[in-house]
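Here the chain labels run A, B, C and D in written order, and each chain numbers its own residues starting at 1.
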Amino acid sequence: MVDPRISVISHRLSGISRIIAVSSGKGGVGKSMVATTLALTLAKSGYRVGLFDIDFTSPSTHIILGAQNVQPKEEKGLVPPTVHGLEYMSLIYFVGDNPAPLRGADVSNALIELLTVTQWGTLDFLVIDMPPGIGDAILDLVRLIKRIEFLIVTTPSLLAFETVKKQVALLCELKMPIIGVVENMKMDKAKGITGETGKLGLVYLGEIPFDPQVEDAIGDVAKLLNTAVGKKIRQIADSVILAKKRAP
Amino acid sequence: MVDPRISVISHRLSGISRIIAVSSGKGGVGKSMVATTLALTLAKSGYRVGLFDIDFTSPSTHIILGAQNVQPKEEKGLVPPTVHGLEYMSLIYFVGDNPAPLRGADVSNALIELLTVTQWGTLDFLVIDMPPGIGDAILDLVRLIKRIEFLIVTTPSLLAFETVKKQVALLCELKMPIIGVVENMKMDKAKGITGETGKLGLVYLGEIPFDPQVEDAIGDVAKLLNTAVGKKIRQIADSVILAKKRAP
Amino acid sequence: MHEWALAEAILTSAKQIAEQEKLKEVTEVTIKVGELQQVEPPILRFALSQMKSDIFKSAKFRILKAKSTLKCRVCGTAWQFNFKKLDKATAEAIHFVPEVAHTYIKCPKCGSPDFEIVCGRGVWLQDIKGAK
Amino acid sequence: MHEWALAEAILTSAKQIAEQEKLKEVTEVTIKVGELQQVEPPILRFALSQMKSDIFKSAKFRILKAKSTLKCRVCGTAWQFNFKKLDKATAEAIHFVPEVAHTYIKCPKCGSPDFEIVCGRGVWLQDIKGAK
């Protein structure tokens, strides 16, 4: 018995120029915030952009977007609804606010299913919001989408950066391209990770300040793009646009 | 073919009075910080305490503890080394600083193996530091250790609390006891979650301030216990000690 | 008609296999659809017939239905999934992504959502017959 | 001698099964040990013999070795694990927790650590014979 889904995935993604996974071994560093704001920023600049939330058991992007009362359309697959200019796909269409207790094998299967049936159409960028850890989601992305590029998010904390280092080691070993590292939630006095990033041979894409205003902007996209975080991500977006795919 | 390991787990844990999983659907809320500091605080109060890090792909507790050059002893199983007074078990003994790319099924298998072979001896408390998400680790703990109690960590952020709500819904449905909710990284102006916690029928165990000093105390246990975080967790430890097991 | 996307996957996969086996023409493709996903054979068949071309021109599609067995990881109970009990929205969600069954279905004995989908999950390619 | 803990698991599990099957005496227990974990049959046998009591008093322990097959999820390559190539510390780590193989072993063809341990992982209880 052959699983026919795998064979069609690259065809399904063939209309997409660049696929960027916003990733971090560590949880709570701002992956969802960066992924959502980056996608919105790229869309505002006139690019066609998709956002795919694959943190299936703890999705956040729908809350940041304030996405409500939207559903994909069934049409030769599933066509994602447009939310604030983004072709937006998430498991929440199918589970709502209910818990989705999925083991790794289920995460893998759900990811493959959505990659098989989602009709993204023509996009300049597909931004993928990842779960933390080094598990099924990242291993499947690497396996199924060879041309994926990683954008790594960390905080200045040793706990985050030590974890990120392991993920970078894994990606390097797998020869996956890394666009660079974003240092999120930087406090004024915090010792940065610019030097450390360089030592890993990675591009430092910039620091995003810790901005308490961000909380109030959750669910309000216009407000979000106007926070210090939104403004900084505009600069980071430029680097992302310019980045050539490069193996680390 | 029968997997013989499952049958011996409850026997292996039979010398432990209370098993507390420090948990949160959300990553980066301070699970590892709270779990480690709570375990250290209980040990300082004279209890016999174990700490078990089961965030296998992104472990943090060894960094917070500054645990170095320790290994379990092979003796009718694996006897965890004592680190700052804690019987301490982590996958890092076996992988060091290298990435451990484990799918969910591997996490499950490694967890079952360690539960099978670890000789905890007699303990008043075993504190378990959990990975984020609702996946293999939490499903296996619930399945294998019926008497486990959950301590939920969240931040005041909507993103964290919405995720935590789902996890609480799951635990309630499974009739697992929840000791209460700790609100970590509370900033002065942040709107708290005391009311929301009450609405869920859960005990609010207190707020831990956002304390930039904590970063400097990572790896230095004495310093950590003296931060605002350490002091607050001393009070929370009292509630934990007093908490009767209760189904939510 | 999201079945169209699944049908395309079947044809793409079948073509790859036919090429490996150096088949010039495929005469029969056997497909297994699991009950859990509630893919309707007539809809799938229609999608396949619309899309089939070149080596599949004269291919027949046999679509077999597989019962869906779920097995609880907590208490070991195995049971047949009965999708008639589900309301329409839930059935549709599972139709699109079978794994969300873990959100809606519980073990009939112990109430746990921690069950294994032993068989009958989705769409499988079972066999290909053809001429070299 | 962490095998002692595994032996205890085997006896606990075997006893549960014997009780279910209402056996008064167990005559033979067949155990399968996977090569990946490098459990030495003599050590396991010694541990079992030290711990066996009541219904196991006259039980024989058959310990079969199972080759360990790993299969790459990226490129599909299947291969036999050869633990002789590992240094001592790595071999010991895998001995304690076979899953850490994903940290040290890569697919010989594509270099990926994303492989399935198809068989020969750990210790299994294969069969129990006894008298009612």
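Going forward, a residue touches a chain if its C-beta (ideal position, glycine included) is under 8 Å from a C-beta of that chain, and two chains touch if they have at least 3 such contacts.
Values in this document were obtained by computation on a predicted structure and should not be read as measured data.
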Completion exercise
Dup interface of B-D (contact pairs over half shared, numbering-based), picked from A-D, A-C or B-C, is A-C
Practice task
Could you see whether B-D or A-D has the larger number of C-beta contact pairs?
Solution key: B-D
Practice task
Indicate the whole-number Å distance between the mean C-alpha point of chain A and the mean C-alpha point of chain C.
Solution key: 29
Exercise for the section: Let me have the rounded angstrom distance from the C-alpha centre of chain B over to the C-alpha centre of chain C, please. Expected result: 40
Fill in the blank from the handout: Residues of chain C that touch two or more other chains sit at 113-114
Problem - Interface hub residues of chain B, defined as touching at least two other chains - result: 98-103, 106-107, 139, 170
Practice task
Sort out for me which residues of chain B touch chain C in the complex.
Solution key: 139, 142-143, 170, 173-174
Exercise for the section: Can you check the complex and tell me which residues of chain D touch chain A? Expected result: 73-74, 106, 111-114
Fill in the blank from the handout: Residue positions on chain B within touch of chain D in the complex are 1-8, 11-12, 72, 74-78, 91, 93-95, 98-103, 106-107, 109-110, 113-114, 116-117, 119
Practice task
Mind listing the chain A positions that touch chain B in their complex?
Solution key: 25-29, 32, 55, 57-58, 60, 63-64, 97-108, 131-136, 138-139, 155-160, 162-163, 165-167, 169-170, 187, 189-190, 212, 215, 218-219
Exercise for the section: Write out the stretch or stretches of chain C touching chain A in their complex. Expected result: 1-2, 4-6, 8-10, 12-14, 16-17, 32, 93-94, 96-100, 102-104, 113-114, 121-126
